[in-house]
Amino acid sequence: MKMPHHVLSADQFNPEILEIIFEEAERIRKADAINSVLLEKPLQGKIIPLLFWEASTRTFISSFNAVVKLGGTPVPVLNAGKFSSVTKGETLEDTIRTCADLKADAIVMRHSEAGSAQMAADILDRYAPWVHLFNAGDGKGEHPTQMGLDIYTIWRNKKEALKKGELVVALAGELSDSRVFHSDAKVLIKWGVKKFILVSEKGNDLPDDILAEAEKKRIPYIKTTDILEYAEEPDVWIFTRLQLERKKVLGKILKIFPFLRPWVRRRYNQRFGMTKKLQARMKSSALAMHPLPRVGDMPEWMDEDERAVYLSRGKDTESQVTNGLYFRTAQLKLTLAGA
Amino acid sequence: MKMPHHVLSADQFNPEILEIIFEEAERIRKADAINSVLLEKPLQGKIIPLLFWEASTRTFISSFNAVVKLGGTPVPVLNAGKFSSVTKGETLEDTIRTCADLKADAIVMRHSEAGSAQMAADILDRYAPWVHLFNAGDGKGEHPTQMGLDIYTIWRNKKEALKKGELVVALAGELSDSRVFHSDAKVLIKWGVKKFILVSEKGNDLPDDILAEAEKKRIPYIKTTDILEYAEEPDVWIFTRLQLERKKVLGKILKIFPFLRPWVRRRYNQRFGMTKKLQARMKSSALAMHPLPRVGDMPEWMDEDERAVYLSRGKDTESQVTNGLYFRTAQLKLTLAGA
Amino acid sequence: MKMPHHVLSADQFNPEILEIIFEEAERIRKADAINSVLLEKPLQGKIIPLLFWEASTRTFISSFNAVVKLGGTPVPVLNAGKFSSVTKGETLEDTIRTCADLKADAIVMRHSEAGSAQMAADILDRYAPWVHLFNAGDGKGEHPTQMGLDIYTIWRNKKEALKKGELVVALAGELSDSRVFHSDAKVLIKWGVKKFILVSEKGNDLPDDILAEAEKKRIPYIKTTDILEYAEEPDVWIFTRLQLERKKVLGKILKIFPFLRPWVRRRYNQRFGMTKKLQARMKSSALAMHPLPRVGDMPEWMDEDERAVYLSRGKDTESQVTNGLYFRTAQLKLTLAGA
């Protein structure tokens, strides 16, 4: 099982590779809990620019800390968009080659345009094939680490059921627009699950190719607009916020009638977010997951519920954010420094 | 004497705790002067995000260097406001919890809204009580380190008089609006001084509760609009710039008549800033202090005067900025790594 | 041969000093290629703020990595302009003194105003003469490192001819406005070359004092508007992009008729940039150099040509960007830690 040279897309990661990363993440996590100073430093002497053209405090700090925990040196370039020579007309390709020529060993990049990570990887393959590219999100494109940390969270908490294909997984809300739903669904189909419950507005569906893939693997899926209809079944719930910035028509309407905005959001949250009614009917062993940020779709009162795993509730409780840190650390280590 | 778990407000620091920090600051300063490489590294392996939602180069570099001198790893997040997921709707609370889940050992935060540091500390106490919060200024709210470095500067230069309660302290200018004046005054009242000289526009007074506190401790204060009236008395002078951004009415007037702005500022500087006349009459042993930035209220010609201690004049001269660095370093060390 | 205390201007560097830096750069480069972890750390314990008031990803990452390779600690302050206390009215001088008082050992600064680096160095000389200033570009002013890396690139590839004064050097395009052309020309005149070919729009000439200096040293120069006229002669070609931001009249015209912009640029690129015709007629051993960023004046198809040295084409090919990193590293080391 070889790690991909670049981390570009969730599609690169099948269950076998993911489990190798998960096991490594567990090892690093345990060593870190004992003594962060004594962690191995396999990235010592390695320089890793974090080129962030787009805002994301969480992903930035997570990447920074992952590099540091492995002994590497992150080079923080926030707001690369405004800051870089782009104002003088520099292309993404030249910026990437410049990083390589400045002796970067890897580049973590975040960009607003879909496809830009692939473009960056292509130019590296051509001119500096020893440099690794990590896609930390490119617009509507990919965000492979978010998928990784989601599945890692399921694996940590439901390992046996996941491996036996016995999980019922609910995806709620922006099925058509959320790239994380797509990546998560694709990997879960590869792994095999018992059933998907797809809760959304009529027509807001997972892409056809993903549904076709599920059918090919004989994984049943149920579409519903009523989140309570099958509320007792799922072992795993994944929610996501209303993504108005991706809705062209609705976006235009709300620009003209901005006072409708809170109403639109509230309605989405009531139908596809966490509610007291849903909380009462969810399995007691279920996981309530959310990629964050949340905008009312995962209310703060849920944070105290033991099933909430998006943020921790103290030292030994589950947190997708913490899982993301160790997933990233393990992935960096395995990619740059081997097993 | 236990250090507070979070550093939120100047009110947390009484003379006893401050002296413990000052003594530690002296130790670190001496060790650093001998060999910065050989400094102890009590924060090794510790990760400390510097979340700056608001601009402040001085506080940012000071915090960064303090963490580095102790062997810790600062995570620079400048312009967190624009950069964070706030644009997608993330709350301060979720950002703080995210930092905790990303294995931050402490957070240094700077924010434009009063009360935000307390809010951040509250959420940490609830979900990640092992993480320390350092308030590096929250708008009109608190900026405890500025108080600490001011008093540290007085302690270094006038220790005996400070401890005997023999100092005459003048505060000049924005008595009503400057949070640093308030914090400094409160701690000096706890410590005991001989007298306050309060120089300001009529009505621009220290808050009533502070004056009441002084009266309770039988510390006399004299209000005057004429900075020269008692010019020979003070052992310590603290100045501050005209803070137009905090003046609602005057601010509006100056928006309509912007050509009045230089005139307003010049008048303030002549009445409540340093002047040649004042310089000539100040005690030869007095300290001229200023929190910086200055806007003409502390003219450059004063920099050569030995009584000026806001910035250094060479290797072994006094500097509030340097004192701030070591105060911060000592505070970080004592808070995170014990005595 | 003593290194200058501050690095302010290309004029400080004569061939003797440059060769000392080049030799050191070669040593560091070789050691780094063997094992970056084992590099000497002469800047250990040293703190070096990178104060960038102006955008430049390349210079920022290059400076950051240079400091890191020597074991020092860079303090990243991007967008210092917006971020610093300048909004509250702080002067450049106070920011620089603040850095010194915060125990900076050196400051790398990038600013948009010509002369600001000299101003910063002056204030350091007065108040903190042990702190070194590195000018990483100040507007239309100086950018000494760009000169250094250009000449280093020539030295690496044409050492004998350079030292014997046998090189024919072509400068193409913005002769009057590009500070790098000026710095490069001045140093090459000191070193001695066989001939300059100056290709530009009529009247877009090198400054008179530089031409006078060439005449004094009996170095012939030929002015031409036709880049192909002497295309076979040069051993070294240095190109640069059309710098519209420095053209007042043309800039105003293009603001009124923005649709002319692509046409103006295309015309410049065809006349003073790289073209297929020029490529066909250039000496097979020539160097095609460019300071980057490029805006069509150095087309991507040229990148595969072995004579292109602005960016690398794989592990052991030449790159001005890489040369810049090691030149900077050597300069930092020699300036801060001696030979």
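A, B and C label the chains in the order they appear, each numbered from 1.
Keep in mind that, in the parts below, a residue touches a chain if its C-beta (ideal position, glycine included) is under 8 Å from a C-beta of that chain, and two chains touch if they have at least 3 such contacts.
Every value quoted in this text rests on a predicted model; they were computed, and no experiment measured them.
Peer 1: Between 0 and 180 degrees, and as a multiple of 5, what angle does the rotation take that fits chain B onto chain C by Cα atoms?
Peer 2: Between chain B and chain C the superposing rotation measures out at 120 degrees.
Peer 1: Does the chain A and chain B pair touch with the same residues on each side or with different residues, judged by whether over half of the numbers are shared?
Peer 2: Under half shared, hence different.
Peer 1: If you average the CA atoms of chain A and of chain B, how far apart do the two points sit, in angstrom?
Peer 2: Chain centres of chain A and chain B, defined by C-alpha means, are spaced 41 Å apart.
Peer 1: Using the touch rule from the top of the page, what residues of chain A touch 2 or more other chains?
Peer 2: Expected reply: 76, 78-79.
Peer 1: What part of chain B is in contact with chain C in the complex they form?
Peer 2: 32, 35-37, 39, 52, 55-58, 60-62, 64-65, 68-69, 76, 78-79, 241, 292-295, 300, 303, 311-315, 319, 321-322, 325
Peer 1: Sort out for me which residues of chain B touch chain A in the complex.
Peer 2: My answer: residues 44-47, 49, 51, 73, 75-80, 82-85, 87-90, 93-95, 97-104, 127-130.
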